[in-house]
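Below, chain A partners chain B and then partners chain C, in two separate complexes.
And then the complex of A and B:
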């Protein structure tokens, strides 16, 4: 024991140890206090019903109840019962039963909740009809009647028909899954497009042209502009009535193509955010590719030129292989960034967009934890989020490792 | 005779080829430049639009959208109304101070803390070094978004012990800065012609003054922090809640570490033989040699914290401690919503950074590329 202390704290090594404590201590302590400890606390909180207002929290029973709520998802076949509901059921597929009050209201105003163009009913009865009890029904039958009582905690995330049968993806928390899917949508669109565009821009500004640095600066300037500012400006540009983007689309196509509703349409809101994010981020990746391009020795191009390679072949067999490491770095970081998507979404569509089409995992966690004070539930979402980010980066890394093993 | 005509033919042929080559060259240049300019427009049009709209009367902002006028200021009705309106409706100067203060302290104090930690990891031999190194590297993957909610919970109910520890770190940093400034200013004052002949006590007073002035941001921060801790446990709505959790950052430590292990050990061994201790080696050998990586970390962190949005949104209420990015929401949520004012606010936030970028663009570009090549 004494020998151990002698070794650690005596002589040169001892002085190093003391200085390590003094100089490195602040950083390591701060990391422990503000990263590692909150992470561990998050794991703990995720098994409780902790709320932000400080009310006493209890451990959930079972402890994984939050995770169960978040992750429960299933695919079921919907029973084929005749549709005797006089109005179109709400989006969620199975709907809350109408209470007698609601029914009476409908009868009084001779209207139908949910019927197209029926504003009388919406104005007078909507609230009353919303307050129905939470027994879900499917096509007028209670879930027990059609053998779905097992799924009473679930809501329909999406239903579709296949070979004449009705199927539904059901989840206890459809909004989380919606957010996860939106994250994947964003990542699958942004990562390839942004990487390809960045490489293209890098090649373009890497040509030996006078004033190329001016253009490099232009393409990089969105990167130094804060995302919040960009999101606010683009929100104005995307305005469907008088937004500049629609005006430009109509101008360029001579009015042949009508503009889109962008942020106010459930199908175009995410693409709108994707386009803006690529516009903002591509300059950063361009610079990284540019550094990679400038590291490629000129002789390789000369040698391949002498061998008769054309420009495409030079790109395919010289540039791309030499940029492998840069490419890996760019793809890895862009993917992780895509899953951290929050700022743009929160500024442009604070409520998650039409039909939650721009809700993301991080947005949902912040909404639960910060807006709605459900810290326990939000912590559980954060843990799932970390797990997903870890899994994705591990998968990417193992792919990279396999490829480099093949190269050797 | 025949050879002569042949030569002439060859000459004409050669000239023709040269002409074609030149035309092709020019055409390629034209195509390349028109592509570059078109892309330049794509990347700049929202920024140009924003700046131009900031100086237009509110009704013109929307009226001009249908034509190229959106990008051109109308000489007739240039106005400062929007900018005055921004100053009327929010305490813009105060918000700007909040943003600058939190960003600069986070960046500069962060440089200190992270480079020292990296030096300790790269050069000193101590128990647990390899473990700490792998811990730091693995922490890079954990994004702030993942711990934001529990972190908010934690800073809302900081325990007494954590308050003391974090305050201790802040005091230690301030002391370190004092020490460095004291030494540097002492050396400067005793060597400079104008001050060399001053008596020692006067020099000491001057040293102390420079010391206190240069470390002012940290002192102010510590002052605010002590005041708030005195009032109660919560850190919400303060400067330090926006600074302290982000001082130590694994990625910065990693960048510094990578740079430090590339510096030949002969340098510090020579200094060690001359009797220099670890801190002196760090401050007088490693830091002067690592200007590129200091610029890299400083610029990357500046960009990150200048546009920091999610965390300040969660932990601040009202404009007392809010940064510019969060203050923007005031214009979007409070009636009347005037797009001219919003664009003016956006331009006023963006233009200083854009000018800084234009002045130091070589450093910006170098920092971004070195973040990627090594990462």
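And then the complex of A and C:
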């Protein structure tokens, strides 16, 4: 082998080449085995109906059928709401959900003795019951019954009313889109907040405080703890009745503010996971910022101090520009990590949360492949997921490039 | 070149020596997977494996314990990867899916008439697919309401004597209302074991939906759940069940429900036989088992439990059978069920057990299993989807999500799975 390299590249260079291959080899090998090869297999599987059940897999016709299922979305107008909305669900069409108040009201009949001595019972629940949500129900291929034959394969992802008409965003696989939206929600909340918080903490622990190493260790310790363990602990903290967080909220506000249902509520489940994720991940970014801060030469601060810059101006015009590259790195990695959201979701809300409010793309891929055994479909979801993350990273990088071009 | 020569030498030594070492062992290895259930089950099985290995001069059982939470997923993954063990246990209703996938071999060629005659009919029914027997278990399950007798008496709630005078829906509701008056401030009325994951929800609430008049799948065709799991009867169950949470009678976020029952914070606990020993230790004679209520279409309860099968990947089916035959010995069945409180699968063991005799603590389980109250879970290859769908739907109901929409989603999960099976 060495002889081969020496012959090809001659003496020293050949030996370096061999050395480089030896040193890099294990890493390249692992990359090929655990990243590149599975991705190629995933691409291949995504065009089949491969299952875990051992049922024979066949190539789909057309080959992009899985992708079509995942990506098909459309906007349609729904039939008008009838004047008399039923309370029990039809196979297809509008109905009104019974609220608990409505149910309670209907259970209590108000009876009085009529003029002829007979008992007349009535429950005047109309007002109470009209507060129920209007729901458009849609079962299987029953769309023909309401004149929407064309969209028989679609399901409603979300419907809304505009200028008195009812519209719906429909998709062949609404849960994928829900997961995608949840991913964006998570990333848009986590990336800026976590980055800002990490910078703040880094500046804090960079001060010459006594015991600052204790603080650094404290902020960093969640990062080295397994996410699954943290998620289990936080699940208890978020318990609506006995959890520490609600007890603290009530204690601090002298019982004036009631705690939230957190993981049991469709509006608070994702914020709960966001808060916990920021707490867990912020230490990692803090360490990177800390390294960046310590790289800034002290004389820049001295010079700006002599020029009369105050603390804020020093931060704005010395610290921030000098941390530019660190910032880019932190934002890029945090974004990718945010889109990979899975562990905490799967532990804290294994079924995707209330009304699928914490379902994410990775969660959905694993759900399809692992629980529902649809390996082919799950592979297609993963490929779409990689493509989306890739596009977002490329957009971020191109924005960063443009800015550096302006700097010059 | 020197290094190469050394490598070849090592390879030769390994190639020559390895068969010798294997041959020296003399016993054939039989791989086995089992779920890590309760401690008492593990201890009993460990002991039985050890004694089997000591007694057998032909086979050596090599066990591997797999976490229970996603046991089924791991089995399916192993099947796809061709890594299945020789013998494995699994939760009853999965047998239909495994047979459909060709993961198992039938036991008919091995099992003796004598053994078959002693096994509970419910166990045979559960393990039979297409006229062949595929699995056998050491125990069946019992499901009902565990109750704190003193608290029921305090609330003036009637305790049913047997299946004949079980609670009706109205009586059950009245009992819950009455019990709400006696529970301590940090307590609640009924525990539904919301700390469990996975199979529990299908096993426990499928029978209740059935008693309401619905079902988890159309049992005539096994082709759809539409109109059955989301029909008016199932919706009635959903609204009633959700009401228990809205009234604060039950909680979807218990921290330690076992302790809540043991320490008198909750008077009713909907759970299976596996809680018997824990509850009995804590409550003693204050513990009473209440049969399944009649929600309108007769009382219905669950059945079936963990079963043993031989996989199609097994190269030593005789060894695998020798082990299953061994654990089905009356002494071993008794050892297991004494530990975990389950219903022994052998009639001879059942009859000798005072707990299952009339007046015994668990007599109701025996009656539920032998008197047509117990209904097996849906015998379909789509069962894994039913399990997932039920778990999602029951949790959604408990959280207060729209009843119809939650049940519709469950039907979609099941029906789309059936669709992929048909392809």
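Here is the rule we use: the second predicted complex is superposed on the first by the 310 of 408 C-alpha atoms of A that agree within 3 Å, B and C clash if a C-alpha of one lies under 4 Å from a C-alpha of the other, contacts with A are read in each partner's own complex, and residues count from 1 in each chain.
What we mean here is this: contacts are C-beta pairs under 8 Å (C-beta built on N, C-alpha and C of every residue); 3 or more make two chains touch, one makes a residue touch a chain.
None of the values given here were measured: they were computed from a predicted structure.
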What is the contact status of A:103 with respect to chain B (first) and chain C (second): first, second, both, or neither? second
Contacts of A:27 with chain B and chain C, given as first, second, both or neither: first
Classify the contacts of A:351 with the two partner chains as first (chain B alone), second (chain C alone), both, or neither. second
Between chain B and chain C, pick out the one touching the greater number of residues of chain A. B
Contact-wise, after the overlay, does A:52 reach chain B, chain C, both or neither (first, second, both, neither)? both
Quick one: is A:295 in contact with chain B, with chain C, with both, or with neither? Answer first, second, both or neither. first
Which of the two partners, first being chain B and second being chain C, lies in contact with A:217: first, second, both, or neither? first
Have a look at where A:242 lands relative to chain B and chain C in the superposition and call it first, second, both or neither. both
Look at A:264 in the shared chain and tell me whether it touches chain B only, chain C only, both, or neither; answer first, second, both or neither. second
Regarding the shared-chain residue A:373, is it in contact with chain B (first), chain C (second), both, or neither? second
Residues of chain A at both interfaces, chain B in one complex, chain C in the other: 52, 54, 236, 242, 370, 375
Please name which positions on chain B make contact with chain A in the complex. 29, 32-33, 35-36, 39-40, 42-47, 49-50, 62, 65-66, 70, 113-114, 116-117, 119-121, 124-127, 129, 132, 135-136, 139, 141-143, 145-154, 156-157, 162, 165-166, 169, 172-173, 244-248, 250, 253, 277-279, 282, 303, 306-307, 309-310, 313-314, 325, 328, 332, 339, 342-343, 346, 349-350, 353-354, 357-358, 361, 364-365, 368-373, 375
For the complex, which residues does chain A have touching chain C? 49, 51-55, 88-89, 95, 97-98, 100, 103, 133, 135, 137, 139-140, 155, 236, 239-242, 263-266, 350-352, 354-355, 370-375
Residue numbers of chain C touching chain A in their complex, please. 70, 73, 76-77, 79-80, 97, 100-103, 197, 226, 232, 235, 239, 243, 246, 251-253, 255, 381, 384-385, 388, 391-392, 395-396, 399-402, 404-405, 408, 412-413, 415, 417, 420-421, 423
Within the complex, which stretch of chain A touches chain B? 8, 13, 15-17, 19-31, 33-39, 41-42, 45, 50, 52, 54, 201, 204-205, 207, 209, 212, 215-230, 232-234, 236-237, 242-244, 247, 279, 283-284, 287-288, 290-292, 295, 326, 329-330, 333, 336, 340, 342-343, 346-347, 362, 365-366, 368-370, 375, 378-379, 382-383, 385-386, 389-390, 393
